[in-house]
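The structure appears right after this line, and notes come after that.
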Amino acid sequence: MSTLIVIDQPPYGTWAGREALDMAFSLAAFDQSVSLLFMGAGVNWLRAAQQTNGIEQKSVEKNLSAAPIFGVEAMYADTLACAQYGLTPEGMVAGVTMSPNSAELMHQHTHTAFAG
Amino acid sequence: MSTLIVIDQPPYGTWAGREALDMAFSLAAFDQSVSLLFMGAGVNWLRAAQQTNGIEQKSVEKNLSAAPIFGVEAMYADTLACAQYGLTPEGMVAGVTMSPNSAELMHQHTHTAFAG
Amino acid sequence: MTSIHTLHILNKAPEHPRTAECMNAIRSGDALLLTENAVLALSILDDQAPMAQVYAIASDAIARGFGQSGTKATLVDYPAMVKLTAQAQHLISW
Amino acid sequence: MTSIHTLHILNKAPEHPRTAECMNAIRSGDALLLTENAVLALSILDDQAPMAQVYAIASDAIARGFGQSGTKATLVDYPAMVKLTAQAQHLISW
Amino acid sequence: MSDNPLQNFTLVITGAPYSSQAPQTALAFARAAISAGHTLDRVFLYGDGVHLASSLSTPPSDETHWPKEWAEFLEQNVIPGAACIASALRRGLVNSEEQKRYQLPANNILAPFIIAGLGEWVEGTMASSRVVYFHAGG
Amino acid sequence: MSDNPLQNFTLVITGAPYSSQAPQTALAFARAAISAGHTLDRVFLYGDGVHLASSLSTPPSDETHWPKEWAEFLEQNVIPGAACIASALRRGLVNSEEQKRYQLPANNILAPFIIAGLGEWVEGTMASSRVVYFHAGG
């Protein structure tokens, strides 16, 4: 079984992305194969240099950097969505694989789930 | 003071539209000038022949027909949104005024508010 | 009963960004089930219908005034939805 | 301080249908204030900027990695947001 | 494998009642699944879906009481229902144990719903043949 | 009229904490308004915003407790805060009076928030010079 957790909402404005990340970490904690796909406005999770001291929320960059350590297999970013938001590999957090065909990626996984 | 309450979400799938209607009825109950504007997917509130016995929710058509009685001054429907959803005057509930320029309508009211 | 590769279950209005994401993800051999506000797509779906069989929950369609729109989608009840989820190898709830 | 006819306060991501509704409603003499997820429009806004002064809450922009994007919008704090709401004759929270 | 093999479903509800239609659609699906002879491994409430487990929800008497309808369905069919503890605590849904631990003035979980970790959801995905999510619409 | 006349604001919050950023943005605005010498006529919670008045919300200790922050702000500045009764009852937010009336097992409204009708909102729109809405984002 392999699960793809999809995040299509930006960070901070809603909690759905954080709750999606918790789902991925839980699967990994149970030694289940899990990857993350960022698409739509969700690719903004991956923008480098997020400084959250002004909004009383923890930076999601730290959460993301912990993903490989917790056993999340891959973090994919939808190529088209990155282009729409002006995100280039240099402007993104480390460890992200570009996904030129996210529909195909979903079909390659047994489960695909959103957090909300 | 005149208030325009805007409904841009369809009925039944979320509660925002019902709560917007309650706002309009409350203003009217306090003898405040209030009108409703349906735009975007919200124009689907106005589709005739809604039969809700299958979904255990009350039909919003009855709520809308009560609007003039409660003192709501006008119900506007965004012309472009109606066209997008294939809504014609014959397929709509009674008492609706078409709004070809909803931005102008907002500017004509002192207050413009969404329920959520 | 034919097999379905992925059953896409969509409950968002046509304007919702996830609707476009769902439509982009549909491939040959998949099926699309419209529930809740997604049945409003029945007034918009036409030539550009996806390459998949389209179903819609009848009670949701009728509640929203689409009792007669059986041409663009097959109206189904919840027992049929259960069957579709059993037939499909994969499910995605958008 | 010049007067603002309508201050449009937008807190939705660019894909959200209300963003398009807001952009369509902006007229000459209005101002647009981006808050929360709406600051993501800073990566998209360009030639087609609306005919209005654009502001964005600095803490929301910086949190989302837009600390250097002062060119497309004036970054403001909450005291400035309060001033804008006081200057404007009308407010619309999208 | 027959045309309609019996399935063991896990349902995940992430939309709140009286804000989304998710709990309603999920219940219609659950009833149809049981009627067709399938089994429900468990129901897991996540995100805003935890509000379905509120013992204090009081809709007008002429509206369906979704938390009660769900609680009765789970009891009658002996199906476990759990609300994610992290989602629930943030949103003000607590059981008597959490009430004591955090010295809160009350508890408000409607039986038979319990509070449990995301591990309940992971186990559901492993134990069942189909996982169906019911999100908020829009 | 000066460049910056003092205003009397009514704030309406329709987004829930730990689901939207609305209560957080609204509090930053409210603090700035008071600091600038403006007044807040009242704060009205509507729709999912009523969850801000929960006395049971228990976020992790390293996250901001928005209901408590808001309650302290309202008390310190003697500003009335009301949750819409229709929104609140459906969503499981009740005071002791509603608890008795509907024979519920508990109540969970955080003081100084009270439960009131939409008339409170209407009065706010009439009494104040500016009404600012804080909706859920997305």
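The first chain written gets the first letter, and so on, giving A, B, C, D, E and F; residue counts start at 1 in each chain.
Assume contacts are C-beta pairs under 8 Å (C-beta built on N, C-alpha and C of every residue); 3 or more make two chains touch, one makes a residue touch a chain.
Bear in mind the structure is a predicted one, so any value in this text is a computation, not a measurement.
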item: Both-way neighbours, i.e. chains that touch subunit E and touch subunit C; value: A, B
item: Turn needed to bring subunit C onto subunit D - CA fit, degrees, nearest 5; value: 180
item: Farthest-lying chain, centroid of Cα atoms versus that of subunit F; value: C
item: Pair sharing more residue contacts (C-beta pairs) when B-E is set against A-E; value: A-E
item: Reference subunit B; chain at largest CA-centroid distance; value: A
item: Geometric centre distance via CA averages, subunit B-subunit A, whole Å; value: 38
item: Centre-of-Cα separation between subunit C and subunit B, whole angstrom; value: 27
item: Separation of subunit A from subunit F, taking each centre as the mean of its C-alpha atoms, in whole Å; value: 33
item: Sites on subunit C at which at least two other chains make contact; value: 11, 13, 15-17, 36-37, 59, 93-94
item: Residue list for subunit E, restricted to those that touch at least two other chains; value: 18-19, 21, 47-48, 63, 86, 131, 133, 135-138
item: Touching two or more other chains - residues of subunit B; value: 9, 12-15, 40-41, 55, 57, 111, 113-114
item: Interchain pairs in contact, sorted by label; value: A-C, A-D, A-E, A-F, B-C, B-D, B-E, B-F, C-D, C-E, D-F, E-F
item: Residues on subunit C engaged by subunit D in the complex (per definition of touch); value: 15-17
item: Residue numbers on subunit F that touch subunit B, as the complex places them; value: 12, 14-15, 46-49, 86-87, 117-119, 121-123, 125-126, 131, 133, 135-136
item: Subunit C - residues contacting subunit B, complex; value: 11, 13-15, 36-37, 40, 43-44, 58-60, 62-65, 67
item: Residues of subunit B that touch subunit D when the two form their complex; value: 8, 39-41, 102-103, 106-107, 110-114
item: Residues of subunit F that touch subunit E when the two form their complex; value: 16-19, 47-48, 51, 54-60, 63, 67, 86, 89-94, 98-99, 102, 104-108, 138
